[in-house]
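When the chains are written out, they are named A, B, C and D in that same order, and each has its own residue count from 1.
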Amino acid sequence: MFDILIPSLVDGLLLGFVYGIAAMGLSLIWGVMNVINLAHGPIIALGMFGIYLAFTILGLNPYLALVLVAFAGLVLGILIYYVAVNRVIDAPHLSSLLATFSVNMIIIGIGTAIFTVSPYNVDFTLGAVDIGPIRLLWTRVAAALAAVIVTGLLYLFLFRTRTGKNIRAVANNRTAAELMGIPSSRVLALSFGIGTMLAAIAGGLIATFFPFTILAGGGYELRSFVIVVLGGLGNPLGALVGGLILGSLEGIIPVFMQTSWVPVIEFVLFVFIILVRPSGLLGSRV
Amino acid sequence: MTALEIKNLESGYGEVQILWGVDLNLEEGRLTSLVGTNGAGKTTLLRTVMGTLKPWGGSVRLNGKDVSNLPAHRKPDLGLVMVPEGRQLFTSMSVEENLEMGATNARARLKLDDNLERVYELFPRLKERRDQQSGTLSGGEQQMLAVARGLMADPSVIMFDELSLGLAPVLVLNLFQTLRQLKGEGLTMLLVEQNVHMALSVSDYAYVLSEGRVSLEGPAHEVASTESVQKAYLGI
Amino acid sequence: MKILRKPGFWLPIMLVLLLGLWPVMTDNAANREVVNSILVSVALASSLNILLGYTGYVSFGHIVFFGFGAYTGFYLMSEQGWPIYAAMIMAGLVPAVLAYLLGSAILRLRGAYFALATIGINEAARAFVKNFDPLGGSVGMQLNFQIYNDYGGAAQALWLTYYLLLGVTIVILIVSYLVRFSKFGLGLMAIRENEDAAEVMGVVAPSAKTRAYVISAFFPGIVGLLFFFKNATILPGDAFRLHLSIETIVMVMLGGAGTVLGPVLGGAGYQRLRGTLLVTPLFRNVQLVVAGVLLLTIILFIPAGVVGWLRYHVRGLRRVLE
Amino acid sequence: MKKLLWKLFIVLALTSIIITACAQTPTQTEAPAEEPIEEPMEEGEQAEEMEEAEVPAGEDMTATTLTLGYTASLTGRLNVSSGRQDNGLQLYIQDLQDAGGFEVGNEVVTFEPLFYDDESTNERVQELYTRLATEDNADFLISPYSSGLTGAAAVIAEQYGKVMITTGAASDSTYKLGYTGVYQAYTPASRYLAGAVDHLKALDPDLTQVAFVHENDQFSTDVVTAAKDYAESLGYEVVLFEGYDSETTDFGPFINKIEAAAPQALLGGGHFQDGSTFARQLYEKGVDLAYVALLVAPPEPDFAELGEAAFGIVGPSQWEPLAEFTPESAAEAGLEWFGPTGDEFVERYVAAYDEEPSYHSAGGYVAGLILQKAIMDAGSYDPEAVKDALDAMDILTFYGRIKFDTSAESHGLQIGHSMIYIQWQRPSGELEKEVVWPPEGATAETIYPLP
């Protein structure tokens, strides 16, 4: 039993860190502006393609390219905010859901025109190390590490810098923030940018070990929903914890039943938590 | 010298007009109060002056400069600050972070440390609780924090919306003491209050707003002694 | 019957009927296929409108009922040998019962939480059916071709499903109209505007919402069965496609949520646009982009949709466009 | 006011889109020929149906062009194999056009392709085949690639009474649904891995434990279900039998299960993309297996891009360039020979596409050949006559023997053709495919056990 449980759990946890980063972006945007970003998946996919292009065309090391991808994600997010979200930020939920969904359609459409829906692969490996019965792939470990670093930086940013505090203030009470002289639109745009940046980073990390298509973000977006609800809507650290929970579930469930039951359990759990504890298991808010 | 000059201001929500041409002047260094019943348009006036509501007509001049159409977040930079009704704290942030957020404009940011010291002097309770999450403070402490946060913006004109709402009388008394002290330091203040008695007792000058218009104005003690005001607001 | 004299009642029905009779007149299978896909869209959009448009609840899981109804009917027909008419009734009833059970649980949720829950239900349903062997699991189910012989051969069977679909679509439109102009519908719209206020005014929100949910769930299942009976094959991925749910919302918004005519125009317009772009070399890849830009424009500038906008700005049309 | 005009403009634009979109339908159906054809073949644009063309051999012959309708997965997860199949079919049509067509009665018949990209999705396939059968009115249909998509397309073909030659679609179940006009070029799925089980038995009689991990689709499920029964009948213990979703990119959970169950042999996989990923991750994780046979992916030349991860992987193949079917072997077996030889096919394919054909390419080509032969035998392109000819067909081509089941319960199933098995080896340092099973066709010894 243990000879399968331990490696499965390790695999799941390592992935969980990356899931966490993806969910953190969704969670941040929700926490700051009460918007569920349905363009989250395609942005994850764009992150994957960003790494792919930087790696195959520019010949960059994927981890170096991640910085570029992050920056591009930030800019893209800010752009999306001003084009699609700013106008409906105070409208009913349906408006922002559909506005971000239309961005989803636009990105997928353009992405399909450029990359088609065929799979791509970043042919990159760092080798592996054997620890007892467990074989750790360095790309996975590096991704988990990167996730931890990104989370750390995000927290430093949110709690130690003026801009970060502005974001928290706007998230907490937008009217009051305006009265204090904080330009809330700009802060919201930046938060949206950071949210999409996190999604792009997550996508980039995933691209270093799994093949992907322009549609591949969808699965990670759905996972992000589950994680965000597990960790508490709007709670970025909760997202990381939620990611680890989901990762270990994905690791452990297959030990006991057919792997194809994993999504059934995930989504039943998801609906159940929304019904019973909509604020999430770990409480909410930035 | 007029610090804030409001002329013929009109405003409202959607298609409903609330303000029908309000004139109001805040003289520098004076504590002015604005009283009126619920629905008279007091909060609408403050929102329009701050810029969270767009004025339909008329003008707002701050230290001689037309600021009628500036958005709210540009006002603190020019020295105009509002302490909103219901405190509107950043409840998930600490006391000190709230104060820090008050000092968002460039001017205030330079004086952050000095001002912090000053408000801690005014409200020693806040200093004791500087690292506490502001949402967990008591009602009185929260109101202190709201006032202190406003002061952190280093304002030349500060407006208080319903400062006394929901506070025990003794706390109200303390807060108004503080206002007197601030007046002594030369701050221009506008006090919007339902607690008319209290407001008039500390103010220099007063306006009475009813149905979106100024129905009465004058030195506070004169207004307080007007028959209509005594009947309507002071229950005399 | 007073409603028989209302132009707002007749207009959508006549539109659908005219469109529906066109392939019959031309006796052309290609035209029938075009109209068939339009009718599916119109029927789905109109049924979703009862929940989304009238009640204001954003369901991303409308397609769950389409899928479950289709699977139910498909199973009864292919494994139990039921005739299509009986299977259609069950294909409507089973999702309706499901909606009743689900509704009492999830309709308590508001706004984004409700939307998220419906996404979760859709995904859970799909994943479950993939694992559920009696319904074919991940490889789905296929009809034996002989089944068409019961209806006079494949060609006849395709026309039959077409007529049935046309009939179901018109029934949905009638129901949609009746709901909108009933006291019940008024209650729903009160919930949409302000649920708490509606309750104060005496609308029993939970039961009204559940009823709206059940009504909106009854028809997609029948449409689903007809759709997959025609295709003779059903797979979990096709039956519970989240994307189709969202496209249905787009159709409703495009035409005008909360109106009877809106989903008809939105469904027909979106489906035709899609059909045209799909096989146009230049536009095939940008099909989604065009649809996305269209949607974004609607959301940002005319959230009431085409019909809603016309009603608001052209007074004379108010009595005609409902 | 300005705002209102702006909005009015948008509304008008939207309504006009909707109206034009609706109004467009009649014009389209009245003149289907005007419909833009997606990515037509080189000559496709000029060629109109039943057009008079250059007449070979003098005489009073009319030229007839028949439309072959199909979809190909130019994009999506099936793109690699489907692209090869499409290449093969297009090469066949090109060869036929170059040869000036074939004679049927007093007509010279050539084919013309009409195809769309189905993006590897079921939903698209049904929509597009309906269109091919109705609006485009294709004369004959060729299947898309993969059993799943073909299953969806076959219904449509049958509903509209079109004859469809299926290729790249091995699943048995499609042919058990009562169809009468669907004919399979591939060896059925149920026989895909049976040979691998025999191969394993011959390699190592002591090996007892095998695992099956397969894609959860129609084809792979049909394959492994049959192979599992066969393996168990030979006394193997199946220690793991599990399916994965077609979109799976993370095989971690399956690999962990394989390691825990510790079988000596692994059989399974599905299609190219998932199979390649599976092989790569098995290698990365250093799973200890003596024998690995995966479906579809290994025989594709692109599989070599996996490098070391490809080494030693066995795969069932419908055809290999090394396979030797000749007019002589046809004579020996008493079968009629039809079409080019294997060498000719490979040569033309390499000339046309500058790459080695895979069995999917051969499958595409042979689908056209089968149809041509049937029309020639029937002396007509009337669907019923062509069906009779297909029912009676028993020929040998470069691709192998072609003969269809004519029983009512599995009509159209391929019963003439058989599989071979390849393995990636390094005969001269470079990764190369070698035929390792059956022994009579083998070009190299099997590498066993895997290092």
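Following the convention adopted for this analysis, a contact is a pair of C-beta atoms (placed from the backbone, for glycine too) under 8 Å apart; a residue touches a chain by one contact, two chains touch by 3 or more.
Every value quoted in this text rests on a predicted model; they were computed, and no experiment measured them.
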Shared touching chains for chain A and chain C? D
What chains touch chain C and also chain D? A
Considering only mean CA positions as chain centres, point out the chain farthest from chain B. D
Could you tell me which chain's Cα centre is nearest to the average position of every protein Cα atom shown? A
Please work out the Cα centroid separation of chain B and chain C, and write it as a whole number of Å. 54
Report, in whole Å, the distance between the mean C-alpha point of chain A and the mean C-alpha point of chain D. 38
Please work out the Cα centroid separation of chain A and chain B, and write it as a whole number of Å. 42
Rounded Å distance between chain B and chain D, as computed from the means of their C-alpha atoms: 77
Send over the residues of chain A in touch with two or more other chains. 112, 258, 260
At least two other chains touched by the same residue of chain D: list those residues. 216, 243, 245
For chain C, residues contacting two or more additional chains: 130, 138, 294
Pairs of chains in contact (touch as defined earlier), listed by label: A-B, A-C, A-D, C-D
Can you list the chain C residues touching chain A in their complex? 52, 56, 58, 105-106, 108-109, 111-113, 115-117, 119-121, 123-124, 127-128, 130-131, 138, 246, 249-250, 253, 285-296, 299-300, 303
Partner chain A, residues of chain D touching it in the complex: 74-77, 79, 119-120, 216, 242-245, 247, 249-250, 252-254, 256-257, 259-260, 273, 277, 284-286
Can you check the complex and tell me which residues of chain A touch chain C? 30, 34, 36, 83-84, 87-88, 91-95, 97-99, 101-106, 108-110, 112-113, 222, 225-226, 229, 258, 260-261, 263-264, 266-268, 270-271, 274-275, 278
Quick check on the complex: what are the chain B residues that touch chain A? 50, 52, 71-77, 81-82, 84, 88-93, 97, 100-102, 104-105, 149, 153
Show me the residue ranges of chain A that touch chain B in the complex, using the header's touch definition. 162, 165-166, 168-169, 172-173, 175-184, 285-286
